[in-house]
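After this come two complexes, each holding subunit A, first together with subunit B and then together with subunit C.
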Partner chain A sequence: MSPEPTGSTGSGPFASAAQVELTLSVADDLLVLARLTVSAVATRAGFDIEEIEDLRLAVDELCLQVLLGRRTGRLVLAMAAEPGCIDVWSRYEGTEEARPDGLDDEGDLSERILDALVDEHGPFVHDGRPGAFLTKRRALAGG
Partner chain B sequence: MPPSDRSTITAGLSFADFAATRDPHLRDLLVEAHLGLAHQLARRFANRGETHEDLVQVASVALIHAVDRFDPERGFEFSTFATRTILGELKRHFRDKGWAVRAPRRIQELYLELGAATDALTQELGHPPTVPELAARTGASEEAVLEAVEAGQAYRATSIDAPDRREGTIASRLGQIDAGFDGAEDHQVLMDALALLPEREQRILHLRYVDGLTQSQIAEQIGVSQMHVSRLLTASIARLREPFTEA
Partner chain C sequence: MEQDIEIEVRNRDGSTVVAARGEVDVATAPALRDGLDEALDHDIGTVVVDLTGVTFIDSTGLGVLIGARRRCVEAGRDLRVVVAEPRILKVFEITGLTELFTIHPSLEPALGA
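Now for the complex of A and B:
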């Protein structure tokens, strides 16, 4: 599966490729739902338990990158999967400005963690709003 | 400079040289040069029921493993390889350790069962099991397996720099820790503590954290029960931790 929003000007997957879309209030406690949902979608795509654990950590990082320290508003995640591959997109909906120190020195670490956990990741823009995506493929699926 | 070249040189230290010579002094220098990464990743797992010191210990041992295993010829950055290795050990640590957060008893029991089933199925299948395979082995639903994994590992989606329910951030309530703090000293203390362990315990640690064997595989290799291996590992880690807690 090719990550549709790899470019910075695409409309993103929210209108077309996404099979599952989840909207959450910005609250730590609700991110468990994001991880559970991604885990369930990845299960249906045939990922093993180790890969799912990687995805759960990666989704945490994706959310951190999008929230950038914001405490209000909504977090939207979209997912699309096919056997051996899953794409996850995340974007922020709200009016709060990102905190300048939202990721601070952890920004590089976040990138490094995603480098280690997924096959592709990066920013995208949806309706003028920035978001972030990741793609993970099963190792056994030839990726 | 191509990425493969960049990946071999860090602060004047060459992974290519280490790969060729296996010089212990160079190995120590490479470990020391990257201890900051181990500290950073350990902090990422803060607030999940484990002490920072324990997590740094796990991450540091994994870093040593990464330095030993890194192949600069494969063309990717050491930091990426080390991050993956350290994250893997931290995940295993939480899986082996259980959790310190509240979870329903049925979920706790299923989580413990899943740990054993994952190890067994990984050996039987030759790869980590899928959720349906785990569900079939444990007799639980796929949803219950996912719920147990989530609850059992107590992963929270928080950076310590993310806001929490109290004022400020988790980081603001922690002491300020420089990523590179005391790195060389930590490493030397760790090496000294390792050398003081009995030969069998050193071998078990090596098999677990350098060779990557499971506790069951180690048990088979040295002729004791898996539970005994688990106890020896716990005791060894505790002894390695002593110099840090005394400091």
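Now for the complex of A and C:
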């Protein structure tokens, strides 16, 4: 599995590699469901409890990076997992402009959290819509 | 879907304690911010944020704490944080906030420090 590159077009991970796709209403503050879903997917992929906790926080931050203060529209998450590896993509669907004002602290903290908890993360564009992805692999035993 | 978070603001031993219980994320962080605003309005001594009952915190929640600390500094007041759960302490560590906040493992030393 590999992240969808920045500037990509077409169906990308949302139609091909994704095994789970979740659409959430932004207005209803449903990130708890994103965290629950990644917990279930990561469990099936063989991640341990500590790694699953890391993923819960990382996916939450991934969503926040896409939302950037927006309070309307939809957040779409796609997840693909195989033993020991999970990819998550998040994109925003809606018309509201990002409202990053006042999110300076949170944005910086979010980057630090993702840097610490996952193997790869970054932005991508899916059908012209802003998104972000992360990849987390299980730590090798003894590594 | 409504997420549960409990915020309690009380005075104890000359400090104002803001105790949170539950998950602190973009949905519930405003409740924590309201509790901290109330504590700052009390104008009673040190502000102690007790996160003993918190099981999850993201950058939104941390941002609320940073904002409260900023207001405390401006008001010449001290802000201390109580973190007992290793998962929560890890979030402070990886974001470098252990350098910014005075963190205690339980409420008693935070009140007595």
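Everything below uses one rule, namely that the second predicted complex is superposed on the first by the 125 of 143 C-alpha atoms of A that agree within 3 Å, B and C clash if a C-alpha of one lies under 4 Å from a C-alpha of the other, contacts with A are read in each partner's own complex, and residues count from 1 in each chain.
Operating definition for what follows: a contact is a pair of C-beta atoms (placed from the backbone, for glycine too) under 8 Å apart; a residue touches a chain by one contact, two chains touch by 3 or more.
The structure presented is a predicted model; accordingly, all values stated were derived computationally and were not measured.
Per the definitions stated earlier, placing subunit B and subunit C onto a shared subunit A by superposition produces a clash between them.
In the superposition on chain A, A:28 makes contact with both subunit B and subunit C.
Of the two partner chains, both subunit B and subunit C are touched by A:109. Contact with subunit B, but none with subunit C, is seen for A:36 once the two complexes are overlaid on the shared chain. By the touch criterion stated above, A:49 is placed in contact with subunit B alone, subunit C being left untouched. If you count the residues of subunit A touched by subunit B and by subunit C, you find the higher number for B. Overlap of the subunit B and subunit C interfaces on subunit A: residues 28, 31-32, 35, 53, 56-57, 60, 64, 67, 103, 105-106, 109-110, 112-113, 116-117. By the touch rule above, subunit B contacts subunit A in their complex via residues 40-41, 44, 77, 79-81, 83-84, 87, 91, 118, 127-132, 134, 142-143, 146-147, 149-150, 153, 155-159, 161-165, 179. The part of subunit A that touches subunit B in the complex is made up of residues 28, 31-32, 34-36, 39-40, 43, 46-54, 56-57, 59-60, 63-64, 67, 69, 71, 101-106, 109-110, 112-113, 115-117, 140.
Put simply, subunit A touches subunit C in their complex at residues 28-33, 35, 53, 56-57, 60-61, 64, 67, 103, 105-107, 109-110, 112-113, 116-117. On the subunit C side of its complex with subunit A, the touching residues are 1, 3, 23, 25-27, 56, 58-60, 62-63, 66-67, 87, 91, 94-97.
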